[in-house]
């Protein structure tokens, strides 16, 4: 069983080595002339104003939340899809109900304006 | 295949780490992540048992736990945002308006 | 291609839940499609929905029917609890609108949210599979997290929501881990299967997985019903949450916690009866005592009622520890009475407090009894009932709970219980002392009761007295409900 | 010959390492030359030549670019979170490279009596019987795809620059939005194939029965969403040079910067490979050429398509982008799932 | 049973009155007072047929008459009935209640000027509770009335009382509630011991409990009643409550509510648990005597008239307890009479205190002096009442106290009686001293020089009481006669059952020699719950325990 994932492990190791190796290599051979201005965060050439760790639009949070909720529904859809033919009519009706309920939430979210991005 | 004990020990350790984290951490989000860790330790337990017993119930349970955890995360983060808006902090030490 | 055999589907068994869910979803959509700031009509629609659901639930009274491969059951026990949930939801909705308008947070989602929480409670009471119980519990909890943090502008409400969320999720972790271990030890999540397994393999009682699982489940539920020493969240959450939601939380979800707790403990762990009997009486004594003693020093009425609600969970646990039919029936009756008297008391608090929950302290009630004699009388009736004075529902409920303990041989537990009741008298009386025996410090600004609150109070007072004077029918129903 | 290591024959390990190395090098080369190809193709579409100087028709351009990047100064902004800043490009890069593990890129071949499947994470025993195959290959790919988001968010946050943060967040929001639609779109494929194993899905499409024909809507949605998920034009808002000065990678330089680019191209290859596998019959094709050839051909065609799109379409506005994902694709996929269900249940029988 | 449900009517007439008052405007004091007065008078009138209709040697069940028995709650293991009835003992207490109530209400006409409505409602509810307590034959019902009584009294003390009223009210409430809640536990245990059935007191009389059980239950019951009586050392709430309560409250408290405690002993604690009763007789007698002496001594040094009267109550109730515990015809009769007497005379005393308090707004003895000159009518009445309280021959107090002392002297409580006699002397000392200080001497306080004598209303209040003082003092025969059969029955019940129990004991003892440690104090308290015969399903019971249990008659008979 573990064998099936061994190649993946090997691939991961190779990818890591490649990534790390190139970073290390470039930092070895690249030039180093840091200056304060160079190390300042980019802000169109002006002096940086305030911290970057500020609050950002709630919209991003909304998207993340909606993603979680709708993505979780996929958790149910995937196994269902695989077994869908064997489940027959019952499975279809059941998933239909599931999706209808999901749509209620979806319509609600839509009408609430959570999907708008002005 | 590994013996069931190994999975159980790992999940127990994860659960303990989560519990300790909840009890010692101060940042609400970190606490919530520790709670998620606990839930995932439970999931691991369920799956290990499910596999061990040859019974699918445990895996189904895990599906539901994941779903619920997602819903909890959504609600919990919303609550944290609401709190943060009023309090400018997400430290549980600051959840102190209501005290004995 | 072989088809998968489906378990027997009997939708009639979960008809109340289906109905209520549908109603809640419809209301959710109505809320977004109908414009306007006044959302009270959603409350009335919800109440109609609750009534329909109650009718549908009560229609199933009779022999128990199991469905969905033994995951859910329609028995009298569940139906009795469902009625309790529906009543507490209905009363909570009645008192919500005015408060929410006053606090500027009358979003229409409130009502569907309460209904979804009710569905969760119903699933908890009807579930015979730990999975269903867990899902019901979470449906309930998630709604409650939101409801307790409903007033977004209020820091107290924010804190209540966040605190409830963190501790609730934490306790869920324990509950789940307990369920997982039990599943591992017995090979099933279905309560009946677990029970059958335990009967067939008595040796499992010494299996650490099983014992630890049971303990963790007990801890998880103790969190939910706010039993000491797992009660720490209760006062803060109850105080911070919007008052109607506090009323709701203290009545419905607590009952739901008991419903599931009883079902899991009595059915799934019959062999460990002795062990968890001990566990429960320790919990009961601690809970009663802690709740009452801390309540003694509270000035804020909401907080006082929160601690008193801990104490009441302790009384109910006395009946639970008795592990007999009387105890279980006593809990049923007590939870029903508690819903009426506690929500009633909170309804009065709502009427008294001004925006921002100003006037919430017991001192603010000074002279209230003479300014608003009727309302004060109503509050007094609720408080006497909470204190367990006859002729109110609270007395009959306590009588049954303590009787159960005495019958089971826990005489001293009953004695601790009555001593606690006596201690609780002090803080209930304190409210009355201020209402009737102190002169008012400042003038009351009286916003007046809405018809909805009046109805709520009327129902609650009526029920408290009727259940206190002629409790026979309801008690009989409670008895029938626990004949599993 | 039959010495076992951890219960598996030595030959298994040899084949495995060989497959891994071949695939890795192949992807790396493709990435390198995709950058070149893109510049060339777009150049010609816009009636200019593209890189011409380095080597014949600029063929050595990718190598020159690489060497240049290696020698660039590595700048770590003073206010950055150092560790996260370093880790972010790796987090973006590694998942992009390891998704290939489950994609079958050709028919089984036989070497010295051993049946070797052209899929990294698969193994056949001597009798030619399949011993294992990652039977949830699709889930693996989705998991790896969603890991990519972390790299970008981490980069945006670690840089401690406003542009980076905003770019990172936008990118994350966009990626997860489209990941959702993409994930839902392919459900209808599983309904037909009844498996999550890519091997089985490819086998089901033998003889030209491509799912692109059976599920055109799913195909289109999936491909478009995939473009959005890997931040390709017209959905390349996260790095939108004009508004966000390269978004999350504003503060990056040298090889770390290059890694994001490599990740993007590697992701493009992955996406095209997945699309090929799920919708275009995988390695199936007319028998006169080996399966792996058809596979590579299809993948290259899709990559060409991506570049063509880049050359012709303008960039979406952010609100349009989100609206497209949430209000069009999401409901469409769900409708498609139900429609497929009805089709299978009522019409196709 | 075809007769009118007189007892129910009696009980609920005041309730109807109270509900009626709810709908009266709270500012129309006259209407409120009139209605309340009318209701109590009607109740009193309604109670009179009880006297005429009561057939002393009646042959109704257990001597109870006017029975009403309606099933009330039947659920689970319980069966409660609405079961009413009176015998010779309760008859007179009911009459006392209905008689005192109009007087109490009349006394409030000027004393209470604010919140009249609430006050009247409280009074009427109080009457419901008190009458109900005396006539309940169902223990559960009794308990409910017993508790209901507390609520209006609590409000009366707390709202209309003096400056320490809140402390007094809460203390009163919690003291009594603690006792009664413990009684509730005992009551439930008793019910389970009795097995299935209802809560009827008559059924419980038939029980033969083992001594250990009896002891604990008796303690619980006795504690509840002792607090109410109140017996030394549980009396501390009483002076506070009395002092702070408004006049009508004090009157009712002294005249009726304290009797609930002694009534509880007579009706419940003693006959239900005869063995334990016998065991605890010395203790209770001791406490009674200590109460008498101690309260008298304390009364002597009181500066506050009302407090003095309150302490005198404690002493008088000590006599009642002593008489009841003599457990012979004279003693119990004396105790019962003394209950009535105390009701009349102490009620009257509180009224008198109320009169002067209304006039002068002080109760300190030192503020008065020489009032006799200023208020002759008042002085006369005060004197009569004082004599009655002291127990001078010719007044009611004499008959009661004499019978009590006689009875206890003849019983096993001889030495107690002798000591208690000194209490009689002490009571004379403190009462007369107080009377002398208030009434005689120089009228040197200018405020006292303008005092008005009693008006017609006040005289009307006092007259019936004074009439009763003499009536009971001179011709108590009818009352004694009507009580006698009930008292005989009580004595028989308490004593005979004891013999039965004793007779049964050797047989039981023969079974497990080590088990029966005889009813010594401290014997096997912990074993009580396990060995519970009424709950064979309690799986935890140690094997063998129920078999050897003396309370299972079947076993004994089988041997």
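First chain written, first letter: the chains are A, B, C, D and E, and each begins at residue 1.
The rule is simple: a contact is a pair of C-beta atoms (placed from the backbone, for glycine too) under 8 Å apart; a residue touches a chain by one contact, two chains touch by 3 or more.
Here's who's who by UniProt: A = NADH-quinone oxidoreductase subunit A; B = NADH-quinone oxidoreductase subunit K; C = NADH-quinone oxidoreductase subunit N; D = NADH-quinone oxidoreductase subunit H; E = NADH-quinone oxidoreductase subunit M.
Model, not experiment: these values are computed from the prediction.
**Student:** Both chain A and chain C are touched by which chains?
**Tutor:** Under the touch definition, chain A and chain C have B as mutual neighbours.
**Student:** Compute the shortest path length in steps from chain B to chain C over the network of touching chains.
**Tutor:** Step count on the best path from chain B to chain C: 1.
**Student:** If you take the mean of the Cα atoms for each chain, which one ends up farthest from chain D?
**Tutor:** Farthest by centroid: E.
**Student:** What chain is most central when centres are computed from CA atoms?
**Tutor:** Of all chains shown, the one whose C-alpha centre lies nearest the global C-alpha mean is C.
**Student:** Which two chains meet at the most C-beta pairs?
**Tutor:** A-D
**Student:** Between chain B and chain E, tell me the centre distance in angstrom, where each centre is the average of that chain's C-alpha atoms.
**Tutor:** 62
**Student:** Need the CA-centroid distance for the pair chain D / chain E, whole Å please.
**Tutor:** 93
**Student:** So, what's the distance in Å between the C-alpha centres of chain D and chain A?
**Tutor:** A distance of 15 Å separates the two centres.
**Student:** Could you put a whole-Å number on the gap between the CA centroids of chain C and chain D?
**Tutor:** The separation of the two C-alpha centroids amounts to 52 Å.
**Student:** Identify all positions of chain D at which a residue touches two or more other chains, and write them in rising order.
**Tutor:** None at all.
**Student:** Can you tell me which residues of chain A touch two or more of the remaining chains?
**Tutor:** Within chain A, the residues that touch at least two other chains are 1, 64, 71, 83, 85-86, 88.
**Student:** Can you list the chain B residues in contact with two or more other chains?
**Tutor:** 71, 78
**Student:** Touching pairs of chains, all of them, please.
**Tutor:** Going through each pair of chains, those in contact are A-B, A-C, A-D, B-C, C-E.
**Student:** In their complex, what parts of chain A are in touch with chain C?
**Tutor:** Residues 83, 85-88, 90, 101, 104, 107-108, 111-112 of chain A touch chain C in their complex.
**Student:** For a test of understanding, state which residues of chain A touch chain B in their complex under the given definition.
**Tutor:** So the residues of chain A in touch with chain B come to 1, 58, 61, 64-65, 68-69, 71-72, 75-76, 79.
**Student:** Quick one: which bits of chain D touch chain A in the complex? Just the residue numbers, please.
**Tutor:** So the residues of chain D in touch with chain A come to 6-8, 12, 16-17, 19-21, 23-24, 28, 69-80, 86, 89-90, 93-94, 97-98, 100-102, 120-123, 131-134, 139-140, 159-166, 169, 172-173, 176-177, 179-180, 183-184, 187-188, 190-191, 194-196, 245, 250-251, 254-256, 258-259, 318-319, 322-323, 326-327, 330-331, 334, 337-338, 341-342, 344-345.
**Student:** Would you mind writing out the residues of chain B in touch with chain C in their complex?
**Tutor:** Touch list, chain B to chain C: 8, 15, 18-19, 22, 28, 31-32, 35, 38-39, 41-42, 45-46, 48-49, 52-53, 55, 57-58, 60-61, 64-65, 68, 71-72, 75-76, 78-80, 82-83, 85-87, 92, 95-100.
**Student:** Touching residues of chain E toward chain C in the complex: what are they?
**Tutor:** Where chain E meets chain C, its residues are 26, 72-78, 115, 117-118, 143-144, 147-148, 150-151, 154-155, 158-159, 165-166, 169-170, 173-174, 177-178, 181-182, 184-185, 188-189, 191-192, 528-530, 532, 534-535, 537-538, 540-541.
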